[in-house]
Structures are given as C-alpha cells and as structure tokens.
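Written out below as structure tokens is the structure these notes cover.
By letter and in written order, the chains are A, B and C; residue numbering begins at 1 in each of them.
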C-alpha cells in the first residue's frame, strides 16, 4: 500500500510484529512502520470484529489501536518505534491485564 | 398536540417511561411530556444496578418493595424483549460490595447486622464473606480486599438499552412521546388536567408527575409535596475488555458490551457539566486496589449526573387529595424499581388509586412538612 | 525520555505546537512570561508542519516552501525561553485553568494564568459506504506518513474529495515518486458560481497562484474526474474497488488505497470540555468557538488560536497565535507588550492572511450527500452505528446527540465523537427539520483523551475527595 522513498536515509530499527522481525526506520510511528512493512496489520474491532487499519494517523480516530510491549489499545500512530519493540495486532476486545 | 389522554406522564426518563409503558400495556391512551437533549437526566447517568443489598435501613417497607422489584425484573426484561427485540442484558446472579482493609470490613459487617435485625424488613439473604470466600467468585481481587458483603438477589442490566426499549415500546402501545415539552403549569378544569407547555396545552384525565428533582416544583401545582435532596455522582468508564467480572459490585460492573463502569461519588455540587478529577481519582484508585488488573485499562469517558433523591432517600409515591387523579412518583433507583413502576404503579394509576398496603409507606405525608435525615444507604 | 513540567504554575500554557501554538509560545516567552508548550506529537509542527525537525524528505522543493516556514517558527521557539514538552497529552482543562497532562504514562498538573488552546483541526468526517474498510484513509493520513516517514502510496491509489490540501498532497506524492491512479473531484459544480462574488479577494491572495500551479502540476500526470456526485468503497475485509458517479455515469475502478478529504474542521474536544461556548458556523459547516478579537473565549483566561478558532489556514494561525499571546502579555506584563508587534499591525496582518478564505469555503463547501449519509453507511466508527440506526432513534424521540448516545452509544467509543459528531448533528438536523445549532453537540468531559486507570488513580486527592466516595 505504501513504500519508502529512496531519499530516506534514517537508520533502521528492528521491531517484532506478532513475533516476526520487521524493519522500521528511526522516527517511524508504529502505525507507519506497520503500513510500510506490507504485513497484514488489520486489527479487528471490539464491537463487531470488523477489520480495520489506521484511518487518520494523527491521533483522533483510534483505528490504529495495537498492543505495544504487552500493553493493549495503544494508539500506534502516536508511538515512535524503538529497537526490539514487540507489537501485537489486536483481535477483538482487549484482554484485561494486557 | 390536541386530543385527550387518559394519562399524561410528566417526565420521560426511566421512571416516567416505565410507568407510561406500563399504562400503555394496560391499553391506556398515554402522553409522555419530556424535556430536550440537554437536561439533567439520571436515566443516562446511572450505574445500572438492579440492586437490593443495603437498601431500606429505616424503612422496612422499602426492603419489601425492592425485593419485589428485583423479582419482577425478569418478567419486564422478557416482555421488553418480546415487544421490541431488544435484549436488556439482565443478569441477576448475586452482587458484591467489597471492602478494603479491616475498618471498612467491620463497618460493612455492622451495616449488614443492622439490616438483618430490622423488624418487618424483607430477608435479603445478605452475608459477609471473607476475602478468600470472595475470591472463589471473583478470582481477580487484589490483596487489599478484606472481604465484602454478598446478596444473591443483586444484579445489573443495560440501563441505556432498557431506556431505549421502553421508548421503542411506546410506538407499539400507541403512546405519544413529546420531547422538548417542559411543563410550566398544571391546572384542572372541566374534570381534566391541563398542562402548559411551550407547544401549547395538553389535556388528560390523570397525570403522573415523574420529572425527577423537578417534581419539587411541579408537585405543589396539584396539591402534592416532593421534598428533594439531590446530590451529584461521578462515574468513569473504561474501554471494552474481554469479560472478567462475573458479578456486579456496588462500585464496579462490567457491561454486556465489555466496558467497565467505576462509580461513584456523592457530592453537593449540582453542576453535571463538570466533574472533579480528584474524585474520579479516588474511584479509580479503589477500583484498581480491588482488581489490580484494571490498572492498565484506559479510561475513555467519565460523566457526572444528578441523583433524583427524595430528602430522606426513600421513594415517594403519592396521590393528590385536592386534585384527584394527580399522582406523584419520584425516587432514586429508577433502574432497580423499573419493574415495579411498569407493573405495579402503572396498574394503580390506571385503576385510579394507590394501594396503601403496597405503597402507603411511601406517601410524602411521612415528612410532616419537614425534611428528615437521609438514611438510604447511598 | 520524558520530562514533567518544571513548575506547577505558569503565566501562559499553550496547548498544541502547530503554527498557532509555536507562534504563541515564542511570543509569550520572548515577552518574559513563564510559558509552557504542551504537544501530543513526537516533535513540533502540528499537522501542517508535521515532522518539521525530523523529516527524511530532504529535497526542499518536494514539500514546498510553505512547509519549510515551519522551521523558522521552531527556531524562534527554541531561541525563546518557552518550556516545551512533546508527547504530552492534555486530558483535562477546567474553568480554573487547571490542566492535567499525561506524559510518559504519568500525569502532571499545572495551573496557568492564561491558556492558549492551539489544538488545530482535524479532517471533516467523510462518511461514504465502505469508509471503514482497511485501505481507506484520510488524505491527511497519507500526508503525515509522507512528511514524517517519506512513505508514498504504492498500490492502485485513488484520491477523492476536494479542497486545497487534496491538491497539495497529490503534488507531494507525485514529487516523491508515489502512485496516484485517479483523482475524483467532488467539488459541486454550483459552488463555482456561488464562490464567484468572492473571487476578487481570492485572486489577490497568495493562495491563488500557488493553488493554480499545483493543480496544473497534478493534472499533467493524473487523470482527474470532476463533478463526482456519488462515491463508495467496497471490498471484503479490505478495499478492493471504488465506485463513483460523475456526469450521471457510474464507474467502478479497482483500488488498494482510497484517500479521502473534504476539508478540515476545528478540533473542539478540549475547548468544549473546558466549557467554551461554540456556535455552528453555517459557512464552514462546523462548530467554532465564540471568541473576541483577541481570541478570548467565553471561559475567562482561555484563548483559542489557529484552526481551532475557525478554519483560517496556517498563515492566519500564526498571526492568531501572536495575537492571543500579545493579549496575554498585555494582561499579565503590560510593560513588556511595548516590544511586541502592535495589535493593530497584527490585525492587519490577519486580515491579509484570511483574504480569500470565504472564496475557498464557498467553493469547497462539501456536498450534503458526502456529509449526511443514509442507510447502512457507518456514522460512528467506534461503536459501529449506521445512519439508519440514527434515524430510527430520531423516530422514537431522540432530539439531539446526547439522547442519541443513550439510545445507540454514538460518540461513546474511544474517539469521543471526533469522527462522528458533525455527521450526527447534521443528520439529526436534517431528519428533524432543525438547524445544527438547535440540535447541538455531544456534551464532552475529561478525560478528552484516554488515560490508564492507574494514571487517573494517581491524581492528588484530598480527604474530602475520599469521603465523597467511601461511604459504607
């Protein structure tokens, strides 16, 4: 859906999406990294289970919700990636304690 | 807004709607006069418990009335489902009040004992449970929970969906719902009541005042009395999470949608547009001490609402001696008592007189003109 | 690294580091007022100058000169004494000018003598069939990725809607080598005539030549379909095609990405939760705060600058930020105001920056069918409530958005109505034959952004607070 422009010379950062290594760039938000990676990053909603991807990328729509380092329902579009970050695609309602 | 009605119900909240729905169910021609979008509505600010335990200390009749309501709720839920297709998610598998620390446990045990010893009160089957006993039903409680009281009659419901079900049911019963029609004056002439609204006058053979705290102003227009003592309550609510809480608590419940509601406060401040974050903070702190897993959930909304609260905390059901056909209903616990309002109060209004053996204790005559202390347990 | 505010009290707290906030904070700090700037993003810039200090897009021509103006604003801010905290989410602001802000998972509380809200705008909801499908995004979302991560659309890409940002985005995507298959212009033909009387002001505004050359640049490379009157996205769990009607003819084209845009509207949540009075703006079709000439709102001490004060664009936002800051300086340190630009000069500058706005607002007024959906089209994305559901609620007595919430949970999800509020107001207004002003808006309260229960639990409390909750 998206690809990186060749002029992007930022250092690589490795994150893990559902355990699989994904290359991101320093300064990417989690959502941008997911959309750039080509992995199926569709979450499913807590209401009907419908599939969703980020819509606004500016912190207002909450369609980018994702589990980051074990904490559910984070806004992926507001959180920058960090080396070794563990990202999980959420399916349905968040689990309590996660 | 022409035509004559058997009954005009003033107030379209949960209480007025339940009575109106119950009257419609009996084939009466009913009008409901309600206010607009922004008004103080306990119907959309409540905690949605169908609750028995700890209610009625100081008025045994209220314990009997509460148990009756709790027992009739199943019938209400199924009739609403049948009529509207809406499942109001009634769950009545017992509820808890948890205590933090030994002091709170002792105070609660004392309350349970006083309730139990009250002469003429219904048997709530309330019992105090130790922390380890609580843990059997609620495995996720935290180490600070010292125990709590349990009542098998307690439960909860989706109160917003109940509200919607009543309003959906109005159509099938031929009930006319008129929003944005606050009543400013009530007179009686030619054997019928005339209610003044911004959209003109509405006439009805009988009226039921079910306008919450506004009953205080309306009641004297027809020779009735409704001394109120409203308070503000705050609630915070989390995002949806997978089911983790099998029973409702006095201050925490998980809705059928998955959100967790955390209550509540009792404040003198009566501005429902604002709230006090520090009070929400106390509620949040206690909730996460009761269930440490909750701490990571996101709070996505909070609200404050104004309790409809008669001055002594107990319901007022009354009929006018000077204006026969004028009835008054106001109470806290409009969710719990919805079944009684739909079935019992509606039936009595339809027949034209309240039955003293059922609701005589709730007449405003008990105030003797002066306010009493609030013993309601809220 | 996360840093809490250094003080508990400030003369001025500015919320939002977009054009208005950047200008306001540096003006206020330069005049010697203790100034705190809180911003939710990783870096300053807001949306229009997004990633201004970190963008990997190094060729300055690609993002355009208007973008790089932001670098000067950031430089002025850095040169000032303003304290700046990024990734700081304000979740509560009240009438006492007490602010709760979440920083790195913990909340801090500060009090201000003046608050300048510069929370900007968000894109107007674009509720068409299928707009919740993965692969449908806002144009602003694509622009955010382009600016902050040099990401460009790669698959079959359709851009639909109208307004200046749409053409800017298209030009930027093309300059970075991205792919656009088709642009579907939804500008209503009648709007051209309606806008004509305002054309002179626009012709003399800076937007005119820039806008024209950008449209020419895009049209040379992409097929543009104008006069689009219907639009729908479809696919099974993922966008597969976009169908539209133009000139009475329906066409369906395969697509992997659909970018939607029909202008921006003020981001009102924090201001409304603070009790600021808003009115419906019939021209811009949104809620705008009621403000005086210095940007002061109905709540004493709270000013609003930038697009949150009503859409005016980046240039106007900068000037509004300076005006609001100057007003704060006049009130709190009158002697220091002398070295700032005079108010009269700022107002002249603002009038110049706002020139042509009425023309743009009239020309790019979105069509009713793209604002007011019907049938099974989703209105509330969070709670998945459709237009039909809303109309059914009106039929059983819902008079406004708050009764609708009770019936249907619209606006009760995590976005707190940001993506459905305008749609709900307009849909109910249409259904009830009322004006949007009569219908009203959701009642909003803190927290205006989610915070964890643990964070809320850590709020400082008094003995009275505890007594209000613990009562046997």
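Keep in mind that, in the parts below, a residue touches a chain if its C-beta (ideal position, glycine included) is under 8 Å from a C-beta of that chain, and two chains touch if they have at least 3 such contacts.
Chains and their UniProt names: A = (2Fe-2S)-binding protein; B = FAD-dependent oxidoreductase; C = FAD/NAD(P)-binding oxidoreductase.
Remember, it's a predicted structure, so these values are computed and weren't measured experimentally.
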Chain nearest the overall Cα centroid: C
B-C compared against A-B, more contacting pairs: B-C
Separation of mean Cα positions, subunit C and subunit A ((2Fe-2S)-binding protein) [Å, integer]: 23
Distance from the mean Cα position of subunit C to that of subunit B (FAD-dependent oxidoreductase), given in whole angstrom: 40
Separation of mean Cα positions, subunit B (FAD-dependent oxidoreductase) and subunit A ((2Fe-2S)-binding protein) [Å, integer]: 43
Multi-partner residues of subunit C (at least 2 other chains): 413-414, 450
Sites on subunit B (FAD-dependent oxidoreductase) at which at least two other chains make contact: 239, 257, 294, 296-298
Contacts with two or more other chains, residues of subunit A ((2Fe-2S)-binding protein) listed in rising order: 47, 73
Complex contact set, residues of subunit B (FAD-dependent oxidoreductase) against subunit C: 12, 34, 36-38, 41, 43-44, 104, 107-108, 111, 160, 163-164, 167-168, 170-171, 177, 179-180, 236, 238-239, 257, 262, 264-267, 273-288, 294-304, 377-378
Residue ranges of subunit A ((2Fe-2S)-binding protein) touching subunit C (in the complex, touch as defined): 1-10, 25, 27-29, 32-33, 35-36, 42, 45, 47-48, 50-63, 65, 73, 77-78, 80
Complex contacts: residues of subunit B (FAD-dependent oxidoreductase) adjacent to subunit A ((2Fe-2S)-binding protein): 140, 239-242, 244, 257-258, 293-294, 296-298
Complex interface listing, subunit C residues touching subunit A ((2Fe-2S)-binding protein): 40-42, 47, 51, 54, 56-59, 87, 122-123, 132-138, 140-142, 144-145, 148-155, 176-178, 237-238, 256-257, 267, 381-384, 413-415, 418-419, 449-450
Complex contact set, residues of subunit A ((2Fe-2S)-binding protein) against subunit B (FAD-dependent oxidoreductase): 46-47, 71-73, 92-98
